[in-house]
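Just so it is clear, A, B, C and D label the chains in written order, and each chain counts residues from 1 on its own.
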Amino acid sequence: MYDAIARMTVTVLLFASYAEALGASSLAVEVAGDATVADVLSNVRAQPGADRLPPMPLVAVNQQYADAHARVRDGDEVALIPPVAGG
Amino acid sequence: MYDAIARMTVTVLLFASYAEALGASSLAVEVAGDATVADVLSNVRAQPGADRLPPMPLVAVNQQYADAHARVRDGDEVALIPPVAGG
Amino acid sequence: MTPLATLVLTPIDPMALVRAASGPGNGAVILFLGAVRQVNEGRDVTGIDYAAYEGMALRELQAIVDEGATRFGTADVVVEHRLGELQVEDISVGIAVGHAHRDAAYAVSRWVIEELKRRVPIWKREHYTDGTREWVDPTGHVSAGSPR
Amino acid sequence: MTPLATLVLTPIDPMALVRAASGPGNGAVILFLGAVRQVNEGRDVTGIDYAAYEGMALRELQAIVDEGATRFGTADVVVEHRLGELQVEDISVGIAVGHAHRDAAYAVSRWVIEELKRRVPIWKREHYTDGTREWVDPTGHVSAGSPR
């Protein structure tokens, strides 16, 4: 028998200061099949350097801003968005 | 003996709709030596077509906005300023 | 840059204004362009001629850019107004403002165009498709030169 | 004109933006340019590199120009943001807005730049004269990548 809830993989994108903090611009993160943005963030926090992320970073799922409760699906692109500074 | 108050001449400039109304872009106007802008305007009102001027046109004396009580001097340039429409 | 006001009979070069208002301290440059519209108050316009009391207009314009350059902190301000016959889409006025910050740059730009429209002795006569021409009175009164 | 948002790696051409926002119905065209300042918050800057989450940045920019084009009546709106390495005085962003009237043109211009700064995922790293580089955090927090 295997887990009732399947595991899935999302791609976490990191930019600017966040990419520097974690030393990577993307991570493949495995989470439970019913995972939310918050679950993905918890997983990212286990990475070295993640202590330099703020408590509640902005997140986009598939290029749309999303809140911590939003569900993610297998293959989603979950981007952590540092404070924007365009213009 | 001659007049205690000498006569003097000012140049009245007319623009745009005012020039059309009076059929002239400038007038030589003779007024008393102690004349004000109001006196110059009274003189202009005697001209044909001046009935088409508004009751209180804007006036500039020597390229500065001036009110009806301002004194004018011999040789002054007194401009009647239609509603401005620059830009 | 010295604040600069100009009256011209020839086409306005917007990029020259932008360059004049640019500089290493200016994080924001705003260019305002006024252009001849094809329709004004429901009437079809084929062109406009602009006339001015040139000497006074230039003095007033210069006074406006001088004040605009210091009124909201130090700004680079340059204004050019065209006179003579203009066609639809021709630029009648260009105002470029450079400032360290955009808040002030917008404020200066807006202040300059409003002052210009309030007090610079320039007039425009619209040409309509029916061949008539009429001096525009922004105060809404019937123009003295064009009884209707 | 279709509202148009662009990301570019090459220099921005301000006149191309002005032309795109011009038209026979537009009595006012406003061009906003953001440029790299030599000094920011008291530190000497030699250049900036701009990075973006390109796909999302382009979608957000396009959503902003689409909304800007109808929010204050119909306007022509075009926005271009540059990415990569910029020097002092280089233009990082250009926004051109054309509208029948200047009130609305200013309102759209201002709204577009504020929205851009609020939500488009673009970041900038300033290069200082002492050789250090730092990601700019407009919220005022110390950047995660640059402990001080």
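What we mean here is this: contacts are C-beta pairs under 8 Å (C-beta built on N, C-alpha and C of every residue); 3 or more make two chains touch, one makes a residue touch a chain.
Only a predicted model underlies this, so the values are computations on that prediction, with no experimental measurement involved.
Engineer: Strictly by the touch rule at the top, which chains does subunit A share as contacts with subunit D?
Structural biologist: Expected: no chain.
Engineer: Between subunit B and subunit D, what is the gap in Å from one C-alpha centre to the other?
Structural biologist: 52
Engineer: Find the geometric centre of each of subunit A and subunit B from their Cα atoms only, then give the gap between the two centres in Å, rounded to an integer.
Structural biologist: 77
Engineer: How big is the gap, in whole Å, between where the Cα atoms of subunit C centre and where those of subunit D centre?
Structural biologist: Going by mean C-alpha positions, subunit C sits 25 Å from subunit D.
Engineer: Which parts of subunit C, given as residue numbers and ranges, touch two or more other chains?
Structural biologist: As it turns out, subunit C has residues touching two or more other chains at 34, 113.
Engineer: Where do chains touch, given as pairs?
Structural biologist: Inter-chain contacts occur between A-D, B-C, C-D.
Engineer: What does subunit A use to touch subunit D in their complex?
Structural biologist: Per the stated touch rule, the residues are 13, 15-21, 52-54, 60, 63-65, 79, 81-87.
Engineer: Please name which positions on subunit C make contact with subunit D in the complex.
Structural biologist: 14-15, 18, 22-39, 88-89, 100, 102, 106, 109-110, 113
Engineer: What part of subunit D is in contact with subunit A in the complex they form?
Structural biologist: 34, 50-53, 55-57, 59, 81, 92-93, 113, 116-125, 135-139, 141, 143-147
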